[in-house]
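Heads up: the structure comes next, in structure tokens.
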């Protein structure tokens, strides 16, 4: 499918890439880990970290204590800020406490994953951020505005769990939908559609209808749709839930490359622990009834993450911590 | 949720457990691995195998060469046998070669997982075994009969990807559906329903309707339905696809315990590599266009498998091999 | 072929059944005629036979069977009689002739089309109103259902008279009755269709901060198209019935309805049946045309796979 | 269009339109003012989601229509032989209960209900056959579709000729009218069970009857009731219309046509009122049973 | 030219030949009238059309007109081209019916829609109940538009007109000897048919009155022409039939029969006939068609002006 080089090929798109002043410098790989190329070449013949080496990072709540700087920890400007957030749904069976006392700060350029059992409020939180649900308590600001104001300022690209393409529009038309609504010029629309289509490797499919594409391709088109306009915040609700592992790996790689290239802040809901760990600078573990945050893990992983990083002990260590957090949430029930 | 002891508590059900003459003796845990209780108690402080120790098993195609005997390799009686199986669907767009030259033997009491990219024919193969699709070439026998005859002899319990409960029946009524159809007495029906409900931990929900249960509970009910009558062969098509990781882990554990207790032969489709490795005695890797088997991996893992086994190098080694097989299949496209 | 064979089989079976049914249906009339013509009939005397079962009469008077398929005014005309009448009144008459079924069909069709246009437009507008106005949503539907329980044939003359008294005459009154019958399926279908986008599709537009009218034109309207065409098909058939009903109280001057009535008035069953089949064919053609437009539109929209 | 209908549009059109109309014709002004007042009230009410508002809003709508009717007839002095006001119709209903009841029994109970029951049973039986034999389905449904397009105005006199003047012929007309909608919906419903649900039956090697009883019939219920609901209004209309083509001297259709000839328009409207009430009640009753039977369907259980 | 809209009681047929002849022969045109003839049918109540302003003048039977007058719609008879009634009851002889007394315990087909009044009066004069079959009662059917109920023997007798339905029975192959007929004229219960009626309030308008004078004059010319040239009149009717359902032989015969009914009238209403009709209708026993003596239900003003 898509190689990293090809994604970088995005650079020769009409718009010159913006400088990234708030960006952390490229970090060196984590100490005890072999260089990525090295590791990749030694398939099936790996060394594992001694558990001791990973241990200190497991509790690394204070990012400064981490052995190497990661982007998320560079004290970036706050984009999303939730304080004592409460959200109660009134239903026939009585109130449902979907979110309770949620406190979270998300900085500019962070990649934050939300993980937790079904019904813990992940979707609800993302929707509240996007101004699609209205909190019943606490405060929530996005770029210093209310979520609704931010929505009117078109700050979000939202990717839903299912692709949600309109079946009566071609792929290109689907992608230009937000542009059309926001009143972009015809020429601008076309240029942008072409660019994001290339980005998600669907250039040949512009004229096809959604049902003529496989599930994975549809999902990529829906991501392209969210990218077509310049929203600073990308909210993705289990975008890869329906895909098989290999395709998923691919899209994970691509998403990471995209995030590194652009300066977007990403909120990402997933059920998969490896996916959360692989992608994020920050992992938010949630627990249901009432929905609340039980753990926030800042990832010590470097920004450059080949897929094989998932076999490293740091990775496994973080995954373990996430799993424990999840299990604790389940035991509560 | 359910501890292993509770599952063993199943033994005090009305039916005494049958003796298992064809069964392999309980094996001792793999050499370099710490005892399971030991490992479980040492959370977050594990030792890893040196890669060298795992290496010889990676290519262990000849089961006899494996360091310890596993159940699947004890040359059990063949239950399912496919020879040069072909299955072509005629569609509007021309023929689709869903299965091509498939050769596979599944012995009594084996737990066989099928893994492969979307559209590679996993479901089709399972359906063919169950007599729901009819091969267009080659031969397929189940217990020496044709799949259709085996179906008439009620040899199968089939669990579909979605729970597929009938919404107009309560959970108990859903589970008794096969019993009703097969003409079990009312009393027998009730006893069996109560037993399997207990097994999947849904005893309190007998009178509820499916839509009043969460997705995970529905899935458990559908497994209970497949277990309610004494089919020797259990075919499961991505039964846990829709569940979150923790619930999935739990059900995996339970399924394994159940399989060990009963003498069933299980065919299991999954998209998750860890799940396939964790559960199976044999992993079948498939590849699409046309659907075929690219690799059959006999698992060297012991029969006793705590969840933590997934962090062992043998496990990771097998997972790696499966992933490579999958990736190769994807590259073919 | 997959479709034609079963249809032909069923049609053949129905035609055979029809011929068989015509025998007992017409036997009494045939025997009366035969008796008047001097044939020997058992039992003699129409009054005698009046309360006898038809099958018994057929059994006792086997010779009369062919005549049951050739009566001038049968209770149930034989299929070939209807076919011949259809042929004669369509192909063999100039279409401007008052005896041409095509002439009458055209008159009915013009009222049908006008009524269909008015009814569908009203239906769509009501559906949009119900969609965007809660008060309309809550008040219109129950009364729309009640409106369809009113026997239209009963109020048709009054509608004609009332419209007449305010100076509306000609095609329009018939079209109004036709519209009355056709708006309902369109309202029901369009409300369903306009509400068919799921929460996710709607939320997507909210994240773009799309205006309500953008939501309508870009999402709801296209999403409603399959429902729209389905209800149009029902509405077309209803419009035709409405136009025929509307022809009765407008003087039954011309049109398929007048044809049915005149046939009925003079006991000309063959003429009734041919008008009936004419109407059914017209309905089939209308529905077929809409189906064609549906296929083309949905294909161009990419909605048919 | 959408902007005008939204509650945020403000109330100025509700004042302005009647005022402008009043300048042209004061009677029109009065009528529009009543309408505007009632509609504004309804818009207010509809903003609350309480169950009382849910029932109140359509009631106010209906009452408003009746008031407007009364006022229009009186203000414009419409002759009673053209359109009687609701008050006169109400008096007629109160004074003619025995006749209305007799006609109701003749037309609704004997004609419509019995025809409805027979038509539904026949449609089920054929649907089960059609569902069993695909050949029949492909052959019968298109032909049936064509037959269903035969207008009752034409078939009713024929059926009256065949089945006599009493309720039997009315029931026959009703059978013909309701048969096809129920058949089509039932056939569709019997095929609505999804593939997985059917495959489940296969894996149990269930017989055709078992799969019908345990799967296809329950799964078909929402569709069957859809057909049954459509058929309720058709049944009543069919029974009434059939009486126009010959009847004994009782029945709603008979009374309507006879009363029109006698210019007894109050009786005509009394009968129409009974028809609308009976039709709506019939529809409501079937809808109620539907809620009971298909309690499990998302459209009933909500979500 | 002045516009006049004439609403007929029934479909285009020789029963209304006079009007079609007047139209076709230009008699209306000569009176400077632009006449539109609106055919009727089973679903049209001419009185209601008149009330709704859909027509200026209508052809109606007097019982229906008087009943409408009692209902508050003041119709006035301005001319009476039909002298005698064509209504009768046609029965099967083999059913054993010979006299009106034999009717009880039989099934009779009757036209409703405002045409049932003469029958109801007759039955109440005979003392026969219409509530159902019994020794003193008959079973009444609302008969449809055609003679099928008789032919199919669903009824022992049906209502027929001398000029129309009776011949349809004969055309169906029935021998006149097989039938017994009871003419209302012979039974002394005849009521006036096919008069011209207008709304009373319009008559106070001299312009309208003048229009009607010319209309009646031209119409009567038409009727007399039709009586003298029945063949041609029937042709004219056929030309005007838009349904294309009428047959030549039937219309010619109908014209012949209708001529017998119009023969005795110059257009002016004979007050004696009127009195007889009112008496018949008032004699309806417990449920008379009209309950009191009508006032001003007819006028000679128009015919006086038209015919002199």
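Order of writing sets the chain letters: A, B, C, D and E. Residues in each chain are counted from 1.
Basically, a contact is a pair of C-beta atoms (placed from the backbone, for glycine too) under 8 Å apart; a residue touches a chain by one contact, two chains touch by 3 or more.
Keep in mind the model is a prediction, meaning the values are calculated, not measured.
S.K.: Give me the set of chains touching chain A intersected with the set touching chain D.
M.R.: B, C
S.K.: Can you list every chain that touches chain A and also touches chain C?
M.R.: Common contact partners of chain A and chain C, which must touch each of the two, are absent.
S.K.: Give the chain pair, either D-E or B-D, that is connected by more C-beta contacts.
M.R.: More contacting C-beta pairs are found at D-E.
S.K.: Find me the chain with the mean Cα position closest to the mean of all the protein Cα atoms on display.
M.R.: Answer for the innermost chain: D.
S.K.: Using mean Cα positions as chain centres, tell me which chain lies farthest from chain A.
M.R.: E
S.K.: Averaging over Cα atoms per chain, report the distance between chain C and chain D in Å.
M.R.: Taking the average C-alpha coordinate of chain C and of chain D, the gap between them is 18 Å.
S.K.: Taking each chain's centre as the mean of its CA atoms, how far is chain A from chain E in angstrom?
M.R.: Roughly 88 Å, centre to centre.
S.K.: Between chain C and chain E, what is the gap in Å from one C-alpha centre to the other?
M.R.: 34
S.K.: What's the distance between the Cα centroids of chain B and chain C, rounded to whole Å?
M.R.: Those two chain centres are 57 Å apart.
S.K.: Please output the residue numbers of chain C that touch at least 2 other chains, ranges allowed.
M.R.: 75, 153, 157-158, 161-162, 165, 248, 261, 264
S.K.: Counting only residues that touch at least two other chains, what does the list for chain E look like?
M.R.: 42-43, 45, 48, 51-52, 144-145, 148, 152
S.K.: Can you name every pair of chains that touch?
M.R.: By the stated definition, chains touch in these pairs: A-B, A-C, B-D, C-D, C-E, D-E.
S.K.: Report the residues of chain E in contact with chain C in the complex, numbered from low to high.
M.R.: 11-12, 38-45, 48-49, 51-54, 92, 94-95, 144-148, 151-153, 168, 172-173, 175, 241-246
S.K.: What residues on chain C touch chain E, complex-wise?
M.R.: 28-29, 32-33, 36, 45-47, 50, 73, 75, 97-100, 103-104, 153, 156-158, 160-162, 164-165, 248-249, 251-254, 258-259, 261-268, 271
S.K.: Under the stated contact criterion, what part of chain D meets chain B in this complex?
M.R.: Listed in rising order, the residues of chain D that touch chain B are 196-197, 199-206, 210, 214-215, 218-219, 221, 294-298, 301.
S.K.: How about chain E: which of its residues touch chain D in the complex?
M.R.: 42-43, 45, 47-48, 51-52, 64, 67-68, 71-73, 112-116, 130, 139-145, 148-149, 152, 154
S.K.: Any idea which chain C residues touch chain A in the complex?
M.R.: Within the complex, chain C contacts chain A at residues 200-201, 203-210, 214, 218-219, 222-223, 225, 301-303, 305.
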